[in-house]
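In the two assemblies presented below, chain A is common to both, partnered first by chain B and then by chain C.
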Partner chain A sequence: MKQPYRKSRTKWRSIFRSRLWGFWMLLPSMAGTAAFHVLPMFQVLKQSVTDDRSGGFAGWEHYREVLDNGSFRLAAQNTVRFLGVCVPLLLALSLLGALLFYREKGDLRKTLALLPMAIPVASMARIWKVLFRRYGLLDRLFCGRTGGVDYIGSRWAFGVLVLTYIWRNVGYDIILWTAAVRSVNRELDEAAQVDGAGRAQRFVRIWLPHILPYAGVILLLSLLNAFKAFREVYLMAGEYPNKTIYLLQHIFNNWLLHYRFTDLCAGAVLVIGAVGILSVLFQRLLERDGESGGDE
Partner chain B sequence: MLKKILRKWRSRLGLLMLAAVMAGPAVMVLIGSLMRREELRLSFGAVLPDGTGYAFLPLLPYYPTLANYRQLLLQTMEFYVMFWNSVLQTAGILLGQLAVGIPAAWAFAKWRARWKNGLFRVYVVLMMAPFQVLMVPEYLTLYRFRLIDTPYAVVLPAVFATLPVFILTRFFRAVPDELLEAARLDGASELSILAQTGIPLGKGGIGAVVILSFLEYWNGVEAPLAFLQNRVYWPVSLYLPSISEQEEGVALAASFLILIPAFLLFLAGRDWMEEGIANTGLKG
Partner chain C sequence: MNRRRMKKRVVCGGMLLSLLLSALLAGCAYGKTGGMEADGQGPGAAAREPDDYVQREIGLPKELLQASYTVAGFCQTGEETQELFVYNRTRSQFEKYVLTPASGWEAAPCGWLDSAARDGSPGSAEVLCRDGIYYAQYEGEDGKSHLIRSSDEETAEELPMDGWERQEGAVYYPAVDRIAVLSEHMAASTLTDGTCQIHRDGTLAGAFRCGESYSLAGFGEYVAALSEGNTGVCLYNAQRMEIESEIRFADPAEDIPQLFMKDDASVYLAGDEGLKELKTDSGEERLLIEGSGTLFSDGGCFPLWLEKTPENGFYVLFADRDRSSARLMEYSPAAPGEGGAPDENAQETRLVIYGLRDNELIRSAISHFRVKYPSVDIQYEAAGSENGAATDGDLIRALNARMEAGNGPDLLVLDGIPVDAYVEKGLLADLSGVLSQSDVAANIRKACEQDGQIFAIPTRIGLPILLGTEDVIERADDLSQLAAYADQAALPYYVEGTVTYRTLIEQFYPLYIGSILKDQSVDADQLRRFLSDLGKIADAVGAVEASDFDNSRPARWLGLGSTSFAVAILRGMLFDQATELLSYAEQRGDYRVVDHLFLPYGLLGVNAHSGQRELAEQFVLEALDLQVQQTEYLGAGFPVTEAALAKWRDNESSRGGAILDPNTDSYISFDWPDAEMRKRLFWEISQVETPVPQDSVVKEKLMTIGEQYLRGGMTLEAAVQEIKDEVEIYLQE
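And then the complex of A and B:
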C-alpha cells in the first residue's frame, strides 16, 4: 500500500494548492534565466549601438568595425568552415554506426563509442601532444625517418580538430540515431523483403522516411556540441593556435581580457543573430515533430 | 564452418580496433603515469622540447613506479587546491541545476497554462545557444553583482542552464496524469505530489541530468577562462595544461586522477546517460 499523502498546514505550502502552483515552481528558474540570459541581452544590444565616449547613438559604427576586423573574420570563417566540415561528417558516420549497432541494447560497442565523452578534455590534450606533435606517433607512422610534421601547429591542425570532434561525439550521435532507427516499422520492412525489395530500395523507401524526421534535432545537437570544440583547441594549442583553428571563442576571450566591451557586444549580437536564425529554422523542424511545451 | 569462424574473428578484430581507438588515449595516460622519468623521456620524450628521436608506443612500463603520483600528491599543493575547486564547482552546479530544474520541469510537464509554451520555446532557444553567445550577457550580470573572479561566476550561470530542464521535462511528461489526479483527491499539495510521485518516477531523468552535467562541467574550460582571472579559483581542467613539460609524468598522473571520477560515473550511469541522450532527440 502507498503511504497516504501528508497534509501540510504551513502557510507557504498552501501556494502549491492554488491554481498558480506551476508558476511558483517555475519562478526560481525563470528569475535566474531572466537575470543571467534574457535581460542583459537587451543591454548588450544597447551597448552595441552606443558611442563609448559621448554615450550617444553610434548606429552601425561598431558593427562595421567588428566586421572589418581581420581576426574576427578569420575566426568567423574558421568556425563556419569547422561546422560545415565536421557536422555532416559526424552525422554520416554515426548514422552508419547506429545502423550497425542498433539491435542489442547494452552493446559493448556502443559503450566503447560513448567512452570518449567520459575522458576529460584536459587529460586527452596531454596525450594528443604525444600523438600529433612533431616526432609524435602519427609523424612516425606516416613520415618514417624523414618526417617532421607538427600536426597541431601546422595547417593540419584543422584535421586534428575534426578528428577529435568526431572521436568525442560519435557515441552521442550513435545513441540519437539508434533511437531514430528503432522507430522503423519492422513489419513493413519484412513485408517489403518478402515482396522482393532489395536492400537499397528498402533503405530509401522505408528506413529513410522513418529516420529523417529525427535528423533536424540530431543536427542541432551536433552543432551545439561542435561549439564546445573550443575546449579541445584551447587545451591542445593554447590561446594562440595555428590560424586554421583560431575560433570565435578565441577572439571573444581576447576582447574580454582587454576590456573591449563595445567590440564584444557588437560581435555577440552578430553571433546571436546567426544562431537565432539557425534556431528559428530548427524550431520549425522540432515543431513539425510535435515538440513543444504544450500538453494539448 | 570455416566461414563462421572467420566471421567471428572479424567481429572480434573490429571490437578490438574500436576499443583501441576509443579507450586507447585513456590507457596511454595510465601507462605514461606509471613510468619513470627516464623511461618516459625515452618513449614520449621526442615531442618534449629537449627530446630526440621519435616517440614510440610502449605497451607496458618496464619499471612501473608510483613516483609520479607520490610527487603529485605529496609535493604539489596546487593540485589539491584545483582538484577541490573542480569538485566544489561541479557539485554546486549539479545541486543547483536539480534544485531549480526539477520544479521548473515538473511545471512545464504537468501544469496547465497557456503562456508556459511560449516560455518553453525561449528555453529551447537558450538551450541551443552556445556559450560564446551567452557569455556576454552573463558577464554583464556577474559584473553588476561583483561576482567576477569568484567561484560563483562559474556556478550561478550554469545553474540556470536550460538543457537539464529540457531533459527533465521529457521524463516527467511520461508520468501518468491519473496518478496525480488520485493524489490531488487525497488532498496532497502539488509540492508533495512532486516529491512523492514525480521524483521517484522521474529518477531516470535525474540520473541522466546528473551524469551529463557532471561530464560537461568537470571539463569546464570556457566559463572559468572567461570569468576567473585569479588562478586560485581555477578548476583542475585549466590547471593541467600549465604543468610544465619537464614534469610530463606528474602531468599524466594528474590526468589519470581527474579521469577516474568521470570514468566511474560513466560506468555507473551509462544506461541513464544513454536514455537521457536518446530522450533529447526523441519526439515529444
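And then the complex of A and C:
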C-alpha cells in the first residue's frame, strides 16, 4: 500500500527536476525582465507619488496636475481618437484582405504583405515627407505650382497619420487573419451553403465564431503597433506637430525634455492603467463571445 | 532515462561554456583596444612624452591692470632681465617695464618709440631686441611699414627697407606681419602676400614663399618660417640665401603654430598642443609642454613671445587676438617629486562643465581657472560639438537623465537648455551671493533676478537693434507705426538679393516677442497686429518665399537709403555686418535698441546638487573676471561686467573700411567704432533691462506658420489661431 505513495513522491520529484532545468534556462531572461521592466515600473509608481523637490510623499498631487494639464488632455483625446479610428479600420480592412486572399499560397504574398513593415522608419518618414510636405508629390498633383499645402503640418495631418498606420500594418494583420480564416471548418460552411444559407449568414454564424478567438491577439498586436506610430510622426513632424496628431508619446517625450519626471511617471501610470483595463475588458468580451458562439 | 539526462547536461554545459568563451574573447578584445588607445602605441605614432614643467603666472605691472593697452614686445636683455613694451592707450604713449628677480617690475623710459606713437598706428608696433639694439616695426599713417632702430633708447633712426614700398600700379603697400632680427645688418620679415623677405642693410637680399605670415623666427644665420601650406617649417640660410631644409611636421595640427628660435639648433613651435621643439639637424619633433592644462590650449590666448630662462625653462607672453590683454607665464622644469604624471591614487578634485555647444569664453575661463587651481581636473563637455548626429533634444534628455540619477555636471552652460524647468525643479543654485563678489553690471543682474534670486547669469550679451532714418527710429517702439510708415514710403530696393518671409520674421521676432508672449500664454491681439504689420512690411520691401541670394545681411535686402530701415543683432563688432550697418546708419540715420532688450549668451548656472559647489561658484567668478571678460574682438557679444565694459569703452583702437551705398553708387568710408560710438553703445548697454525670450519652439512655430500667412497660404485669423493653439500646447506642457 505504501508503493503508490512512493510512486507519487518520485513522480513529483521527477517533474520538479525536469522543470528545474527550465527554470534555470529562464532565469537570465527573467532577471533581465525584472531589472529592466518590472523594477522600473515600481520605480515609476513610486516617483509618481513623490515630491520632486523635497522627496517626500506627494499623494495624488501629480496625478491631479497631469489631469489638469490641457496639453495632456489634448494628447489623450487625440490618442483615443487615433485608436478609435485606426484600430477598428485596420482590423476591418485586414480581415477583408484575408477573406479575399486566404486561398492564395506562396511566399510572394507574404513578402508583399510584410514589406511596409520591413521598411525602416527613417526611410519611410523621408518618403512620406516627399509625398506629403508642401510642394511634395501630392501637393503638386492637386495644387500645382501655386499650391503649397503641407499635409503633415496642417489639418490633414490626422489623415496622413491614419494612412501611415494602416499602410504599415495592414499586411501584417492580413497574415494573422489568414491563419484565423483558414481554421474555419470548410465542411460546416459547405453544409450551410447546401442548406441555403447566404454568404452573410454563413459569415456571421460560422466564420465569425471561428475567427473571434484570434481577434483578441490581433487586436492587442494592433494596439501595440498603434502606439509605435509615434516614431513615424516624430520623424516627420518633430516634437510639436500639428495639434491633431499631438499624441501621448509626444507629451511624455517633451516632459522628459523639460525635466518633468514626476508628471511623466504619473501620466505613464494613468496610461498603463487605462490600457490594462481596456485589455482586460476586451479579453473578457471576446472570451464571452467565443463561448456563446461555441455553444451555438 | 540516464541517456536523456546526460544529453541535457551536455547541452547545458555546452551553452554555458560557449557563453564563458565569448565573454572571455570580448574581454580580451576590449582590453586590447583600450590598451592601444591608452598609450597610443599604434603603428607609426611617434613617442611624445612631454617633459615636466611647472606653470606659474607672473603678474603684469600694476599700472597695466586697469589701463587699456596693446602689447608691443617682450624680450630678454640680460640673463635675468626681461623687458615688456606696451602702448598704453589710456595715456597714449609707449611704456617699458623691466622685470628683474630682485625688484620685480619697474617702469623705464622708451622715448625712442615716440615716432611710432606719433607717426603711425601704435597698436600695430612690434618691438624686438638683439645684441643690445632695439628695433620696432610699425604701420605708418600712410599705410607703409616702417622699421626703426635705437641703441640708446632715446633716439631712433629709420631703416629704409626695400620691398616695403608700394609696387608700381598697386593701390596699397604690402603689409608686413612679423619681423625677425638676425643681426645688426640682417633682418627677415613676412608679408601678408605669403612671402618672406631677407634684408641686408635694408637691401632686399632674398625672398621665398612661406605659409602663414604671423609665424616667423630667426637666429644667427637661420630664418624659420612655415612652409607653404603650413605643413612644416622652412629653414632658410640667410648667408647662402637659400632654403637649407624643409622639415615636415610629424603630425600636422589644425592650428598654426607660432615659431621661436633661441639658438640655431632648435625651432620652438607654440600652439594648441603645447610647446614643441623641432631639431633643425635631424627634424626630430618633441613635445616639451603639454597644451592641455596650460594657456597654450586656451582658444582666446596666443603665445606671441618666448624667452628662455637661465634654468632651461621658458617665459611665454600670451595675448589675445588684438594684443590688448596679456599674461606672462613661466614654465620651469619640475624638481624631483614636483609635477610629473598625476598620481592616480591621489584623490583628484574634478569639475565637470557641460554645454550644448563649444564656448570660447568658457575655454578661456578654464585656462585661467587652471592656473589658480592647478590640482583641479576640469572636464568640459561640449555635447553638441562632440555628438554631431544627435539633436539638441536628444542631448538634453540624456543630460536630464544624468541629473535625475544624481550624476549631473557641476556647471551648466545653459544656452538652449530649458532654464525655467531647472529653476522650477530646484536644480540650479542661487548665485546672488556669489555675484555680489563680482562686478556684473547692475541692470543685467537685475534682469536675471527671479524673486530676489539669480539662477543663471549670462557671460556675454547681444543687442537687437533697429537702424534707419530719424523717422524710422522715432517709431521703433510701435511696429504698427513702423508698418504704416513702410507702407507709405517708397522703399528703394537693392538690385541683388531679397529678403525671405522667414528671415523677416526672424529679424523682427526678438524686438516684439515680449509683447506677444505674456504669462505663459499668447496674446492673440498682439500676435494679430504683429503678423498684420509684418505683412505690410513684407509687401513694402518685396519679401519673397525663397531667394537664391544670401539675404542674411540686412543691408542687402532691406536697402539702406533715404527712407528705409534694417534690423540686426549687434554682436560682432569688427567687420561684421552690423558694424558696417551701424557706421552707415551713423552717417545716414540712427539706430536704437528697442524696448531696452538684450540677448543673453553663455548663460552659466551651478548644479544645486553638485559635490563641488564652492569650486563651481569660484569658476563662475573666474568667468566674470576682467581677464576673461575683457576683449576687443566681440564676436561672441559684449562683456557683462562693469570693468570690462569700461575698458572697451575707453579703448581707442578702431578699424577702417568702406561700404557701397547702392542708392548713390558711391563708397562710404568709416573708421569704426570711434570714441563716440563706444560711449553710445556703453550707454545703451547700461539701459538694457529685459532679456529676449530664447525659446526656439515658439520662434520656429511663429516662423513656420507666419510664413504661410505672409505668402497667402492662410488667412490672418487662421494663422493667429493655429500659432496660439500650438504655442499654448508647448507653454502648457
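Simple rule for what comes next: the second predicted complex is superposed on the first by the 246 of 296 C-alpha atoms of A that agree within 3 Å, B and C clash if a C-alpha of one lies under 4 Å from a C-alpha of the other, contacts with A are read in each partner's own complex, and residues count from 1 in each chain.
In this section, contacts are C-beta pairs under 8 Å (C-beta built on N, C-alpha and C of every residue); 3 or more make two chains touch, one makes a residue touch a chain.
Note that the coordinates shown come from a computational prediction; the quantities given were computed from them, not determined experimentally.
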With both complexes superposed on chain A, which partner does A:Phe230 reach: first (chain B), second (chain C), both or neither? first
*asked:* Quick one: is A:Gly70 in contact with chain B, with chain C, with both, or with neither? Answer first, second, both or neither.
replied: second
TODO: Could you say whether A:Ala191 touches chain B, chain C, both of them, or neither, answering first, second, both or neither?
DONE: neither
The chain contacting more residues of chain A, comparing chain B with chain C, is B
Q) Can A:Leu256 be said to touch chain B (first), chain C (second), both, or neither? A) both
| said: On the A-aligned overlay, A:Trp21 touches which partner chain: chain B = first, chain C = second, or both, or neither? | reply: both
_Touch test for A:Ala92: chain B only (first), chain C only (second), both, or neither?_
neither
Check: Should A:Met124 be classified as contacting the first partner (chain B), the second (chain C), both, or neither?
Finding: first
Just chain B (first), just chain C (second), both, or neither: which does A:Val80 touch?
neither
Ask   = Should A:Pro213 be classified as contacting the first partner (chain B), the second (chain C), both, or neither?
value = first
Contacts of chain A common to chain B and chain C in the A-superposed view 21, 25, 256
Chain B partner, complex, touching residues on chain A are 3-8, 13-14, 16-17, 21-23, 25-26, 28-30, 32-33, 35-41, 43-44, 106, 108-131, 133-137, 139-140, 167, 171-172, 175-176, 178-180, 213-214, 217-218, 220-221, 223-224, 227-228, 230-231, 234-235, 238, 248-249, 252-253, 256, 264-265, 268, 271-272, 275-276, 278-279, 282-283, 286, 289-295
Listed in rising order, chain A residues that touch chain C in their complex are 21, 24-25, 52-53, 69-71, 74, 148-150, 153, 239-240, 242-243, 246, 251, 254-261
Touching chain A in the complex, chain C uses residues 8, 12, 393, 396-397, 400, 403-404, 418, 421-422, 425-427, 697, 701, 704, 708, 711, 713, 725-726, 728-730, 732-733
Listed in rising order, chain B residues that touch chain A in their complex are 15, 18-19, 21-23, 25-26, 28-29, 32, 44, 46-47, 51, 53-57, 99-101, 103-104, 106-113, 116-117, 119-141, 156-157, 159-160, 162, 165, 169, 173, 183, 186-194, 196, 215, 218-219, 221-222, 225-226, 236-238, 240-241, 248, 251-252, 255-256, 258-259, 262-263, 265-266, 270-271, 273-274, 277-278, 280-284
